[in-house]
Structures are given as C-alpha cells and as structure tokens.
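Each of the next two complexes has subunit A plus one more chain, namely subunit B in the first and subunit C in the second.
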Partner chain A sequence: MRRVISTLIVLVLALVMTTSLMATGGSEMAEGEITLDFPTFWVGQDSKSGPIASLLETFNAMHEGEIRVLIEPNPSTDGYRDKLNTQLASGRAPDLFVFAPDPTTFQYYETDILMDFTDDLAGSWGDVFSGGQIAGATRNGRTKSVPYEVSIIPIWYNSDLFDQAGIDSFPVDLAEFQVAATALKDAGIVPTSQMTGGSNAWTSMLWFSHAAASLGGPGVWDLPLSDPIFTQAAEVLRSMYLDGNTTRDAVGGDAGVSGGHYMAGDTAMFINGPWYIGRIRGDAPEVHAATMLASIPQVGEYSGHQLGGPLSNLGAANTTSAARRDAVVTWMQFMTEPANVRMMSESSGALFGIKYELGADADPLQQEFVRVASEASFLVDHFASAYTVDVVAEFGQALAEMALGEFTPQEFIQALIDKDNE
Partner chain B sequence: MQAVAAQRLTFAGGTARVGKWIVLIFFFIFTFLPLIWLLISSFKTNLELQTNAFGLPAIWQFQNYVNAVQISSLPRLFLNSVIVSVCSTFLTLAVTSMAAFVFAREKFPLQQPLLNLILAGVLVPIIGLMAPYFRLVNSLGLYDSLVALILTYTGINLPISTFLMHGFMKTIPAELEEAAEIDGASFVQRFTKVVFPLSRVGLVTAGTFVFLFSWNEFIYALLLTSRTASRTLQLGIRFFVSQFFTDYTSMFAAIVLTIIPSIAVYVFLHEKIIKGLTSGALKG
Partner chain C sequence: MIVRSGQRWLWLVLFLAPAMVLFTMYFVYPLGFVFVTSTLEWNGVSAAKFVGLQNYIDNFGSRSFQFSIRNNFIWLGSLAVVQIALAALVAMILARQPRGWRFLRTVYFLPNVISQVAIAMMWAALYNAEYGAINQFLELLGLEHLTHNWLGEIGTALPSILIQQVFYIGYFMIIIMASTMSIPESYYQAAQIDGANVLQQELYITLPMIRSILVTSMTLAAAYGLRHFEATFLLTDGGPAHRTSVLGIQLYKMTSALDYGHANAVGGTLVVLGLIVITLIRSTLGRRVAADEAKQ
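Let's look at the complex of A and B:
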C-alpha cells in the first residue's frame, strides 16, 4: 500500500511539473511580432464569442508577423470583473480588456495604468462613434477607454397574446395598462414577468427603473431616494405583484423564471436587452416572431423614454513602447470599424455605440430595438447602474418583502435608503 | 406472561426495524433525489427546465453532453483539478502536520503567540488576499501555472489545517512518545513513527477539508491562470454562464460528467479506503 502511495505521489508530481511547464511555455512568436493578450468574457456560450473569434482571426491574418492578439477566455462576468479589478489594483492591467463603464472602474482613470486615447479619438477615428459616446467615456477631459457596446432595454410584449385578449395596441398610460391587464387575465394570460431573485432582481428592477424615469425624467438618478417619486415608482411595482399581474413564482424567482415564462407564452410582457434576442429566437421562435417593443405606459410627467447606456467599453494597459501603443490603437480601430461592428451586431444581437446600419436581412426584433432606440424621448440608466452593489442587492430582498405584503412602498424605499446610508 | 413479553419484544423490534427503514429511505431520497433531478435535467432543453422543472424531457438532449465536452474542455480541466487538489492536500498536510507536532508537543519561547498568529489566518476573508497573492505569484513568475494554484491553496489552508491537526495531536497521550524516547527514538522518529501514524483521523479530516476547498475553488483559479492548460474544473463549468444567459442544461451535463469519476472511484475503492483509514486504529 505504501509503495502504491509513493508511486502515486511521484507520478502526480511529475505530471505537475510537466503541465506547469506546458502552461507557462506560451506560444511561438515571430521575431519582432507584438503579442497582445485580450482577457474577455465574450467566450463560451456568450453570443459575441463567435464574431469575436472571427474578427480576431481576420485581424491576426491581416497583421501576420507584426501584431497578434490572443484571447484569454474568462468564464463568468462577475469573476472577470473581480479579476480585472485585482489586476488594476495591483498596477498590472492586461494588454487589452473589456472595461465596465461603472463608477468603480472609472476610478482608474485617475491613475496612469490605462492607455489614454484622447488624442487618437480627436481625429477621424472619433467620427465613427454615435453622438455622446465619446463624452460618456471621458472624465476630466481624458478618454481612457473606447466606447463599444451599449444597452437599450425596452418593454417586450407578445402581440399574439395581446390579440388573443382583444387588445389592439400597447397601453400608453397606467389606466390603459390596468384595462389591458384585466383583459389578459380574463383570457387566462398572466400580464407580466417579474422576479425578486438573482443578484439584482433584474426584470423587476427594470420595471421600477422605467417607472421612476417616467416620474423623474432624464435626471432621475440625481434625485435622492427620499424623493416621493421613488415611492410612487415602488407603488407601481407593487401593483405588478398584486391581483395575479405576475406569476406565483416571481417572489424568489430568478432571470430564468421571468424569461422562461415569457418564452413559454405564459406571460404577455417582459423586459430585457437585445442580448436576449438570440436566446428567444432559438428557444421560442413563435414568441420571438410575435414580440414587439414599447416604452413603459406613462406613469408620471415623462413618456417615450428607454433605459439604456454604455454597457462595455474597450480598455488597454498604458505602455511606454510606441510600437505597442500603435498595435493597441490599430486593434481598437479595427474593432470599431462600422463593417466589423455590423457583423458583430447582426451575429450576436448586441447593439453598439458606433454609427452603423443593420442589413435588411437582420433579425426583425433587432431592427425593432434600433427603432425604439431612435424614437426614444431620452435614454436613462437603470437603478442598478446608479447605486452600489449593496443597495442593488437590498432591492431584491426588500421587493420580496413588499410583494409578500410585509413592506409598504414607503418601507421598501426606506430599506434602500438605510442600505445606501450604511 | 413470557409469551406476552416476547410478543412485546417482537413488536418493539419490528417497530424499530420499520423506524430504521423509514429513516434510511428518507435519507436515501434526501441524498439521491437532487442527483437524479440533476441527471434528468441534463437531458432537457433550457426552456423545458424553466417551464417544467420536475418533468421528463420530451426529447432526450444528448447534445448537452457533446456541448459539455466540447465547450469546456472537461477532460483536461478534470485532470488539472485532480492534480491541484491532490498536490495541495499532500503539501498542506505535510507542512501542517509538522507544524502542529511542534506546537502541540514541544515547548519553546513565543509558542502561543506564534500559534495564534498562524491560526488568526482563519479569520481573514480570502477575497481580501487577492491582490497580494496576484502580485506574489506574478513576481515569482508562476502566473498561469498549476504550481501557482497548488501553492496558493496550500497557503490559504495552512491556518485551518494547522488548527485541526494541532487540536488532534494534543489529544495523543504523551506517554507513547516517552516510551518511544526510552526505546531510543529521535525527535524526527517521534513524529514519523508515533505521532503521525496516530494522527490518521486528524489528517483525514484536514485533508478532506483542503481537498474539497481546492476542488471547488473558483476565484483564485480564475485570477491566477489564463489558459486551459492550467485551469481547473470549476472554470470549465462556468463556461456555460455568460453575461445574460446561462445554459443550465449543458452545465448540468458537465457536472454529471465530473461526478461520474468520483463515484466510480468510490464504488470500486471504498472498501480499501475504509480499510486503510481504520487499520492501525487500535495500535498502542
């Protein structure tokens, strides 16, 4: 037995040494070739993994012997952000990376570890970006990340189910919404998909954000949570959980529950971004074909708005090498070329802050997204983008209490205020 | 009278047997139902899983298993997980058994403060050590290697493992070592011939803890590696979780595939494992 154990230990150690050497050996490089590592979560099952791999292959072929970009696959978006924040905090930014345009990551603009693209974007390259995109990626006059993916998050509704309930058009205000909800319930259809689970109660958080924006306008997140409009928005959200307006498993349910009910044709209304198009097209083609987009029925003074904003920018490590800097800028320009962005957009369903037009054969639902984005009276971020992770996590907890009748809308908002004050 | 007593005893015995079976069946269901659910779910589509979580699949989706192997490079990651978990367990036990022996059986200046200092590591959340470990591993040139993970997991587990081993070694009677000393045993021999063999239960406890930690750990595996050649199973399983979509059924298939070898090893070797653990238990 001892001999067996000893042999096993020796074998394992030998394997470790061999494997470690293989892992750190790197890949063969041509002399003078600049290699750029690109850790990204656009891999695996992500809808952008295929187009990114395709763009990478084209780029590497175009610059063979000069520049090579290597993807470092990082599963899990949250894990990627933890890793990236650790790398940035350690002063070792990756050559290229996906920059989350949130308050935490923007703090690194104050350091010199990020490459500054301000001068590059001031030239003709800057013209490819949609209006306001560069300004959104600029802090104190410096643009240290390149605008890329954007989000538009409208209300989705199943027009077949609306027809079935005898509803001609999407409700424009709360009174019409109540009538439509009653008609849907009479036809045996649950009006909305909701959820209190997940890290941010995503679907319900978006309903709340839409309602708050209708009450507070473009500057809604500049208002303190104690402003009465948030209690009113909470009241709207609470009504979604009452009288059979959502499914019974919404309390505690996660994104799989809310999306699953919509795709199964159980619910008539849902909220999500364009990244969900590929999923619904594959899993529920009939619902995909029947889906239309709208803005939330008017709750307050404002109407016709959409939730949206920057979702992912592209960042790079600062360098003193002019050749490496040129290589990085070449890659960034390639990634933001309208033709490449269009291919990426049409393949993945994602939308980008770059001027491009979808082809006529692009997914009709994706074209709907472009339409609602262009028709929006204004764009505003959602609640989860405006508050810290702790407050966002509290949102789902407090919402479950409100849905179960334990909290009033005032108490729901107070729970968020308390968490924000901690 | 005797017949009545015998009848009562038989009834009591029967009730006890029924009670025993009820408890056993309850725990059997409690243990196996989630595994059976996992297995069945791994053959569903994601829509079926979300809309009919406890039903059977309409069409059994063997493609999920193809996805599991193709997308996540499971065989390679499984081997890496075995190597990392086994090596970090052996290394941790080797270091902490020696450390615990000295702290438990010897007397030297600053013994208690030093022990407290090591054990205080239990209270430090590992997420707080990410930046120091990242810098250290980079400085040593070990980034993106299995050795980085083995050393990191060993370092993280030193406090808890020392705590467990120290507590166990304190319970071994000092007379055994004194007898060995009279027979001429050296300091090293007291450890290797007396205390270490008698610490088998403590070693298994600490070893199990370290192994499970190393097997399930995700965030350091992601932080300290970049290529499939040096990554572990937990990262492979997460390849089915993307920013806005989780392919649960393929992920379940991947989990089933990773469980099978462990079950197979246990089924074929459990007698030997138990025999190995219990042999020598009566020594001394």
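Let's look at the complex of A and C:
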C-alpha cells in the first residue's frame, strides 16, 4: 500500500511540475511581443495573397518586438467560412479574421466574443471609410467589425468572342440576349458560365440576383420570396441552363468550373467581382484584355443596375488585455490606411469601402469596374447577402433540380421558401 | 504472493481511471451533449429554447434528410455487402499466393494510404463532363451516347461516387487475407486427397473458417457506411438536388448555418441508427457464427 501511495505522489508531483513549466512558458510569451494569429483565405491563388503578404511584412517590421501578425493560410473560402463559424459558435474567435457580413454572421454581434470598435471608429479613424460603410457594419448601435472589401458585380463578357459571333454590342433586353446567345452557339461558343455547386452556386446565384433586381428594383430583397417576380427571375435563370446556353458540367460545377470556362475562352459571359481581376490577368491575359462589363439585359421594369455591397469585414477576438486590444486596433488602422488600401486594390483588382483614389495606371478592367459602379442606376445586394446560409445552400440544390427538369421555376422558389420557413 | 483484494481493487481503479476519464471526456460527455442539444432550438449564440423532439420531426419531414437517410443505407449495403464480398474474393485468391501476389496486395492496399482529398480530386477530374478522361475515352470509342455529366446528373451521381469507393477494397482485403492465410495448410491438403477442387476448398474450408472475421469486417464497413462523408462532400457536396447527400453532409450544412439543434438531431439519429444496425448484424450473423463455432 505504501508503494502505491508513493507512486501516486510521484505522478502528482510530475504533473504539477510539467504544468508549472508550461505556464511559465506562456507568461514569458505574454510579456514579450504580442502575437496575433490571422487565419485568412487571402492566400495561395487568391488575388490578394501577394499584397496582404507584403502589408504584413511591412507591419511586422514597423512593430518589431511589439506586435507580430501571423497568417494562418486557409486556401478554401468555403472551408474557411465553415471553420470560422464552428470556432465562433464554440465561443472562441481567432485573434483576427475576415468574414462575409450576412444575416448568419451578424448573429455573432449578439455575443461578446467579437471586439467592439464603436468608440475607435467614432474618432478620426472613421473618416477614412466611404459613406455608409460604418453604418453597414453596425447593428444595434455597435460596430463589432471593421468594413473593408466591397463588391461591384457586373456581367463580364468576352468582346473577342462577341466579335467572332458577329455581335457588336451587349444585349439590352431578353429578346436581344436570345439572339446573341443563338449567334454565339452558331459560332461554337457557349454563351454563359453557370454553376450549381459550391456553398452558394455563386455565378448562377448572381445571375438570379441581377434578374430579380431588374424585376423588383432597389428594394427587391424586402419583398417576400412568394412575390411573382422571383418566379420570373427563376424562369430567366432556368433558360440559362437550357438549349446549350451553358456548359455541360454546370450542374454540379463549382466556382473553379464556372470561372475556368470563362478564363479558357469557352464561354462568352460570366459574373464575378473585381477581386477576380488579379486572377484572370495572371492566368488568362488575352481574356482579361478582351473583357468588358455590362448590366444584365433588362428583364423587368428596372435596368442599368449593378449588384454591390459589403463583401468582407475584418473582425477580431474580444480581449480584456488593453495591450492586445491596442495591437488589434493598430493592425486594423494599418490595414485601412488609404495608401495601403490603394496598393492592395491596384495589385489585386479588389475594391474597398475606404476613401482612396486609383492611380492612372491602375488595371483598365478595374477602372471599368469603378465606371460601371458610378454609372449604375442603383446598387443592390445579392441573394446570398439577403438570406441565411441554409437558404443560400438550398439555392444550389434546388437550382440543380430545376436545371435537370425536376422542378418548375415555381417549385424552385417554393423550395427556397420552405427552407426559409424552417 | 497473495494480493489482498483491497490492494487489487486500488490497482484496478488506478489503471482504469485514465482510460475512463478520457472516455468520459471525449465520448460520454459529447454524446450526452449531442442528445441534450438536439432537443433545443439553438444557434450557438443566443439563448437556447427547449423544443423536445421537434428537431427530429422537422428533420424526418425534410426532403433532403429523407434522401440522406436513404443514401446512408445504400452506402451501408454497398460497403457491408458488395465491398466485403469483393475484398473476400480477392483475399481468397491472393491467399493462394499466385505469381505477383505481393505486388497485387500492395496495389490493392495503396489507395488506403493516399489522402481521400487527392483521390477525390483525381476522380472529379476523371468524371468531368467537358474534359474528363471517361467521357473522352467513350467518345474515342464512338460511344458519345454513353457520355454523361457523371457527378451532375441525378441518375449517375450516386453510382459514380459509390463505384470509386466500393472498389477500394484494400483495408478489408488485408484483414480477411491475414485470417485466410492463418488456416492450416493441412486442411487443404486433406481436402485435395479427398478430391475437392479449388472452389470446393474455398466454399467448405476457407469461408467457414473466416466467417467471424467477415462478420467483424461487415460490422466495420456498416459503420463506415453510416458515417460516410468525405468522398461525397469532396465530389458533389450532396448534390445534384440532394441526391447524393448523406447524414454527415446534412449535419455539416446545418452546423454551417448555425442550426445546432437540427444538426445535433441528425447526430443523434446517426448514433441510434448505428446502434440498431450494429446490434442487428451482431445479433444475427455474429450469433450464428458463434453458435457454429461452439458446435465445432
């Protein structure tokens, strides 16, 4: 019995010593440089990977020995979002992170796990943001994220392929669109890139959003899904999947399939935001040079609009440490400095909700984005910004069902309504 | 040496305690958490509300859940029956040590050491409707009418994923082969003297001798079928139109939508289904094998 007790004592002592050694290591780290982990999908092939790495290097050099920001690469956007959601739901936030502001993610504002920037943004820092940006990131008077990237999402078209098909201007209504699609198909060109896969059927969801906005106007997302305009928009989307108007792999295809066909010059029309400029410029320079932007052919009462709104906000974990809080705010202010934003914007093609001027030598396609945004009759969010993640996920599944002839447009919309009601 | 019973109990507790603590922390507690939260309306952020069995009722009424549960049973049957039958067949052939059997054993096992992600990416490329090797090969043979959007059509998506998984028999083949090779050679020699051919030897010696390992393999394969996730997630994400979805994908999507009540109701359903299926396998096939072995 005595031997058992002495063995237990030795085990407990060993455990205590190991724990205290670990604790000592932790406090030493805390007393020195503040390290902030920054999990992000702005890595790998993302057009912002280069500029963000460059900004990080500058920031870490400026604050050597005081603050160190470390990127944790998460190349998959969907995977990153899921990981972030899981982490936030477990009550922990990464030190720094990026998130898409939508009805699902704004639920985190109800907790105290996010750092509150309301007071910081009320000072001179708030002046660097474009009008309405801070209000867009504020819920119940609290701004628990920093507005950052914005989206302008027009229709992209390959003018070289249009020329090949003998089309001299982008169609202005559905009748012209059908004529153009036929001409393209006759020339052996697939008219549009579409996809039902990914977490939100991105490209097709944007076509639907454009059509719905043309039918419902600036307040389209205030209308209930049971409004007939959504069935009409679904009918337009369905026509994109019929008669060879898209590629054969569109059903089940993801963003790689949709964007890949446009970059390969297989399809003449595509939809995406300016962040894709950097990618297409590097991977398909000829298509980049031939790309022009337009509004969707008029489907309903409204025309000349664009999809646009907040795309990515910067968030941070709440902390009781004043030093860590200062470090986070310092990083956020650095990220939103107009000169840094301009560098990021010109390198990647992305646009930001911060007051900055693009240089005269900025990418012509990016300048085209700024032009279409300024000329738009109105800007409106897309479907994925207006609905929760489960409804958006159902969009792709129900779309596949409609594209494969299993659902009518009414049934497609009903599937979304059912999901929204759950 | 006589060990006093009190001392013996103390040692037993001492040795079992770490495992029990870990088991409780990482299995009992999460399992309880899943069942408790499956009765709540909870988004992980706001206060939870008790809703009883409503989440289970909602799930069973949902079309995507119904497809998922059907597909899980298809996976279960494909893995527990087809895959194990194939694995047993190949194991029995290789156990006879034909020429090149070591090489073939390695080849069959190889997919088990390669990342599922890499394998899925390879199959996604093979199945692609526009550029995929399968369609190109069919076109080369003049069989354009047989080409498909393999992962994007309702009729072909699920079989396409099943095929690429069911043929990866290496893991069970190794287990069954080890059991087959441990059968004494003298049994086969005696059968040969009695005039039994190869098929009769396999049917009347090998199969009865490896029955218990087959039941174990089927139980494991059934469990894999129920918890199937990776290949479907990577290849179709449950689409098109939920036709390839499984319960694991439903759970994942509900978690992504912060719908933890319904997600954990899916988890609870999976646990109960697993218990039922495994109990059924063990109480039917397992009990029969045990009875036969007792007679011998």
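By our rule, the second predicted complex is superposed on the first by the 352 of 422 C-alpha atoms of A that agree within 3 Å, B and C clash if a C-alpha of one lies under 4 Å from a C-alpha of the other, contacts with A are read in each partner's own complex, and residues count from 1 in each chain.
The rule we apply is simple: contacts are C-beta pairs under 8 Å (C-beta built on N, C-alpha and C of every residue); 3 or more make two chains touch, one makes a residue touch a chain.
Being a predicted model, the structure only gives us computed values, none of them experimental.
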| item | value |
| --- | --- |
| Subunit B versus subunit C as contact partner of A:T196, first or second or both or neither | second |
| First (subunit B), second (subunit C), both or neither touched by A:A400 | second |
| Which of subunit B and subunit C A:Q107 touches, first, second, both or neither | second |
| First (subunit B), second (subunit C), both or neither touched by A:N74 | first |
| Which of subunit B and subunit C A:D37 touches, first, second, both or neither | first |
| Touched partner set for A:A89, first subunit B, second subunit C, both or neither | both |
| Subunit B versus subunit C as contact partner of A:G259, first or second or both or neither | first |
| Subunit B/subunit C common contact set on subunit A | 1, 82, 86, 89-90, 257, 261, 266 |
| Footprint of subunit C on subunit A - complex, ascending | 1, 4, 8, 81-82, 85-86, 88-90, 104, 107-108, 110-111, 196-199, 247-253, 257, 261, 266, 388-390, 393-394, 396-398, 400-401, 404, 406-407, 422 |
| Touching residues (chain side subunit B, partner subunit A) in the complex | 45-47, 49-51, 71-72, 79-80, 83, 86-87, 90, 127, 130-131, 134-135, 138, 141-147, 150, 218-219, 222-223, 225-230, 235-236, 238-248, 250, 276 |
| Partner subunit B, residues of subunit A touching it in the complex | 1, 9, 12-13, 15-16, 19-20, 22-24, 37, 39, 41, 43-47, 49, 72-77, 79-80, 82-83, 86-87, 89-90, 92, 256-257, 259-261, 263-264, 266, 272-273, 275-276, 278-279, 283-284 |
| Complex interface listing, subunit C residues touching subunit A | 7, 10-11, 14, 43-46, 58, 62, 64, 128-130, 149, 151-154, 157, 236-242, 252-260, 262 |
